[in-house]
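Two complexes, one shared chain (subunit A), two partners (subunit B, subunit C).
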Partner chain A sequence: MTTLAVTAPAGRRFGIGAIVLIITGLFVLLCLAAIAFGSTWIPLETVAHVILGGGEKTEKLVVWQLRMPRVMAAAIAGAAIAFSGYLLQRITRNELASPGVLGVVDGAALGVVLFLAIFSNESNSLTVSVAWQPLAAAIGALTAISLVFILSGRQSSSAIRLLLFGIAIAAVAKALTTVFMLIGPIYQAAQAARWLAGAVNAISWSEIQIMALCLVPTVLVAGWLAKDLPPADLDDVSSRSIGLNLPVYRIAVFFVAALLTSIAVAFVGGVGFLGLIAPHLARLLVGRARFAGILASMLIGAMMLIGADLLVRVAFTPLEVPAGTVTAIVGAPYFLFLLMRKDKTNG
Partner chain B sequence: MADLVPSRIEVRDLTLMYGHDTVLDALNLPIPRGKVTVLAGPNGCGKSTLLRAIRRLHTGQKGKILLDDVDIATLGAKDLARQIGLLAQNPSAPPDMTVEELVRLGRYPHQAMLQPWSEKDGVAVNRAMDGTGVTGLKHRRIGSLSGGQLQRAWIAMVLAQETDVICLDEPVNHLDMAHQLDCLDLVSKLNKEDGRTIVLVLHDLNLAARYADQLVFVHEGHVRALGQPEELMKPELLAEVFEVDAAIMTDPVHGRPICIPRGRARAAAKEVA
Partner chain C sequence: MVSTLAMSPRSPGLRLGLPQVYAGLILLLALAMLMSLTLGYKIYSLDQVWMAFFAHDGSETAVVIAGLRLPRALIAPLSGAALGMAGVMVQTLSRNRIASPDTLGLNAGASLAVVVASIMFGVQSLAGLSLAAAFGAFVTAIVVFGVAASAGGLSPLKIVLVGVTFASLSHAFVEVLLTSNEAQLQQLLFWLSGAFVDRPIALFYNGLPVVIVGGVIGLALSRALDALQADDSTAAGLGVPLGAVRGLAFVAVALLTGAAVSMAGPVAFVGLVVPHAARRLVGLRHIHQLPAAALFGGVYATLADVAARFVIYPVEAPVGAITAVVGAVVLLVLLMRRAA
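What follows is the complex of A and B.
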């Protein structure tokens, strides 16, 4: 038997706690920087001053009403999607799994586009509260991932089959989304297109509140489920023979992961590849440690979305390029890299 | 013989289908307490399926499996996992998992929700690692182990589970001769010293005859014969079940029967039938 070279994660060398602390520090710095940068530069100490309750009226307005909401939204959504990706990668025992690949993001997109199409009147305004949009996204996402499971049927324990069906379902959802946008009113199509690309610029405090309210219980349930992740790291027969009810557990994890992503994308749009890269980087940094891995994934996911949003604000002003474009541009090559590397190690 | 020992497990009228194929057909089998039972049979006879069914890893099986007169269908997942352990045929764990992490997973069924890890768990893990000789490897990663080390690490995980019944599905498949003996001697020691009930699926008939207290020939979804190796290692029976024309001798070292196949015995099988 050939001996596999297994690289030790950085966490082995520096201590997992220290790594998580460094990531947290970077996260705080990035948050402050993201608030400071924009059409006008606000010095970091002023940002800190305003956050602690001081500052002038205009500074307060810019910080609290213009910049803080998008940073907060990006942080919360990025963290949720990364957590979702972490769960999916562990439960499928495959580092290529992600909410996007399993059809969750495109399913949510279809849900949102259908919602906009069904509940708009002739004057292009919504007939129901926009607060229902997340529900539409969640229904779309869960429908997509359920279809993936039903179609893969008995083979659903095979990660490769799941990924293939996920990609297929994602493609179908994407095609349907395009069709509905083409036959829908122009205004609606423009709205939907912005959402699909992923953008945090238009978000309001009340939307952030709804997002956080939906996410808190979901994150708690996900954290509770995460305690059984280690036995699920083994093959099906072994994990079941040590007493894990794997079929039920796997479905629960998929459901919660889909929910996490769908809530996040319902508000910030189809942010691609975050759920793939963040957990992967976290694993490289902290190794297999579960809760450190989850925390690091969430922080990295948050930073990626904040960073993407910051980049589009600074580099493309006055154009409002959706942040999802940046994550996709960075993420797609990373996905290819992972695919090629996997081919190499698997022969 | 086997009937003198009360059965630990009773398989009763077990029928199992894969789609329209009947893999096990109203199969009955007693598994005596504190003995080594070896299931043998040709490829596709259903022996691995039977082993997994004993551990309730198949859904949609008909019939009953009684563990000390209790139907295992009524037991909870963790409850059953504290009583019957199983080493899968091709187990897999993430390559960056350490040996100790793997062995600790064997304690999963013993852990309650609010009291995750106890001293008792630590003792069981250390004992399992000592017993299998992997203590020195405990910080090594699964991906860096040799085949023999890996198999011992997995057996340690099953041992840490501290079950009274241990099932092993072709545990020596990918091992060289020395490691095959290592592995089976270890299993035999568990049986003799701790009195555990062992159920093994083995491909190699001579190894089966050497280690079995009760040998079981599974053929086309039925138990064709069961008994002590001396009773089963008969040319006619081997011709029928395994389709080999074999000479039977007595192993001069262990006194157990061994078979030396001369060739296939399709014609002989027909004559017997």
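What follows is the complex of A and C.
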């Protein structure tokens, strides 16, 4: 491993740094653009001015209360889901793995819908703080991924098995979600339906705070775990021989990945295909470099969700089309393309 | 080949002859349909049902039975039969026991076609929408099989991944179309909810000939389908024209799925569960698998519809939620048995 790093040409390493810098630049530009665009156009320099503390009252209101929360939520959630996808693809050594396919997203959704159904009163308001919502999502997601593990049994190291059981668990969770949406109060069902489709529109600063507070430690743990990720071309036996306790390590990575996704999903809903595509594009851009890969995945994930939200805002206003539909419409064909391409290279 | 299939393993616990199996299924179906007519928010006696049909006196009871209960007592078994037969053929074509119109995205494709036809082309007639549903199912079948085949063979994982992906793609498009055309939302939710309640009886008369045509095509292909259960070269060696059989079978699957979706919307996982039951009852020969799947599908859908009236009584649950839960559990059991 170290030899690889030493022998890597300096130009290539500089290249990765430059690419990450360019992605970061694009990310900042997209954030500014997402704040500038909307029902009224706010010039970019005004946006910058307001962010730095200036601006008039209405401009401040629009930027800080209406647009900024959406952009922030999309950025944080997109980055978390992308990181989760990166971890899952690396640990299963399968580029088709993602939080969605492994049942994590639907498990989290079931947790949230149960939470909404159980803790709401006659007047359709929550009886407990919304801060508990990520806990419900996490419990749902962890239950789902544990079931996937338990059911795959001894073959849990086989990515194919995990994926098949993930799809089945996702189907079960989806079915139960439908049932509980029907049993719960009608208003909650409508709320849940909008949320399930994945939308960042109605998010508030306090929710963003909770999301960020939950995510920061999780991301740190995930980053600490990620430094031990076995190289992509190393099989189980070789990984063990270089001193990795694979079964325990693998479970830890799966759980952290599930946590990352579930916290994001708790606030922005079921955003499809993000966790699948962002790590892919990152790999295309920066290759197998680990921390550059993670950083690029997170930035790309954030940009995808910001972009999707921007698109639905600009193209469909005043309708509230959920951003999740855009990620699905872009993501599904890309996934199919991957499926078709993968087997050509494998013969 | 055919004779080996005839002796093929049927469930060892069930040593019923074929006539008994069919008689039993028909009896169950009749019973389920009677339950569908009598049980519900209000429970009617057989006398009242008889009255409603043969001595309709315009009373509320008679109106409810003939106008509300009868359509669902007819549409539920017909949809179940269509999805059951479609499931049998899809599982044979893909040689994949976890394939079904749902896991392959056919239901979702049919729903999308209905929404597109209604919103973008202004189709309003029931016949037109039924046609759109069949067309959507057909196109999705071709695309899913095509993509999966070019992605390196029809392995269970590949074909299900492609199908699930297409389903989420269709759902996303449906979501966009519906949110941008709220006027038609209510009317279309009718198609998309997956339920037998409040369907006009005209849908039954529209669907019946389509299901019959699909079923007859399936039966006509039954020998070729038997051979396809082995691998392609065996089937070709037995003189089966592979391309023609696959194409015709696709048409049959599309007609059956389209008819079911146009009558009841996407009722989840019926096409996954029913073929397994049918194979346990009558073995692997399609000449028996298809009729058994039709009958059992009818019983299953009708009973699920009756159950839907009681699980959250007095409110009615959509039958799709019930079949989804049952189907998802069956899917898990099937996967675990493969793993063992």
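Heads up, the rule we're going with is that the second predicted complex is superposed on the first by the 330 of 347 C-alpha atoms of A that agree within 3 Å, B and C clash if a C-alpha of one lies under 4 Å from a C-alpha of the other, contacts with A are read in each partner's own complex, and residues count from 1 in each chain.
Please note the rule applied: a residue touches a chain if its C-beta (ideal position, glycine included) is under 8 Å from a C-beta of that chain, and two chains touch if they have at least 3 such contacts.
Computed from a prediction, not measured in an experiment: that's the story for all the values here.
After superposition on the shared chain, subunit A has more residues touched by C, the comparison being subunit B against subunit C. Contact with neither subunit B nor subunit C is seen for A:G53 once the two complexes are overlaid on the shared chain.
Once the two complexes are overlaid on the shared chain, A:P230 sits against subunit B while remaining clear of subunit C. After overlaying the two complexes on the shared chain, residue contacts for A:R288 are found with subunit B alone; subunit C is out of touch.
Shared-chain residue A:L96: touches subunit C; no touch with subunit B. Shared contact residues of subunit A, touching subunit B in one structure and subunit C in the other, are absent. Listing the residues of subunit A that touch subunit C in their complex gives 96, 101, 151-153, 155, 160-161, 163-165, 167-169, 171-172, 174-176, 178-179, 182-183, 197, 272-273, 316, 319-322, 324-326, 328-329, 332-333, 335-336, 339-340, 342-344, 346. Residues of subunit B that touch subunit A in their complex: 52, 55, 57, 77-82, 84-97, 101, 105-106, 108-109, 116, 141, 143-144, 146-147, 150, 154, 157, 161, 174. By the touch rule above, subunit C contacts subunit A in their complex via residues 147-148, 150-153, 156-158, 160-162, 164-166, 168-169, 171-173, 175-176, 179-180, 268-269, 312, 317-318, 320-321, 324-325, 327-329, 331-332, 335-336, 339. Residue ranges on subunit A touching subunit B, taken from their complex, read 1, 3-6, 9, 93, 227, 230-231, 233-235, 237-238, 240-245, 287-288.
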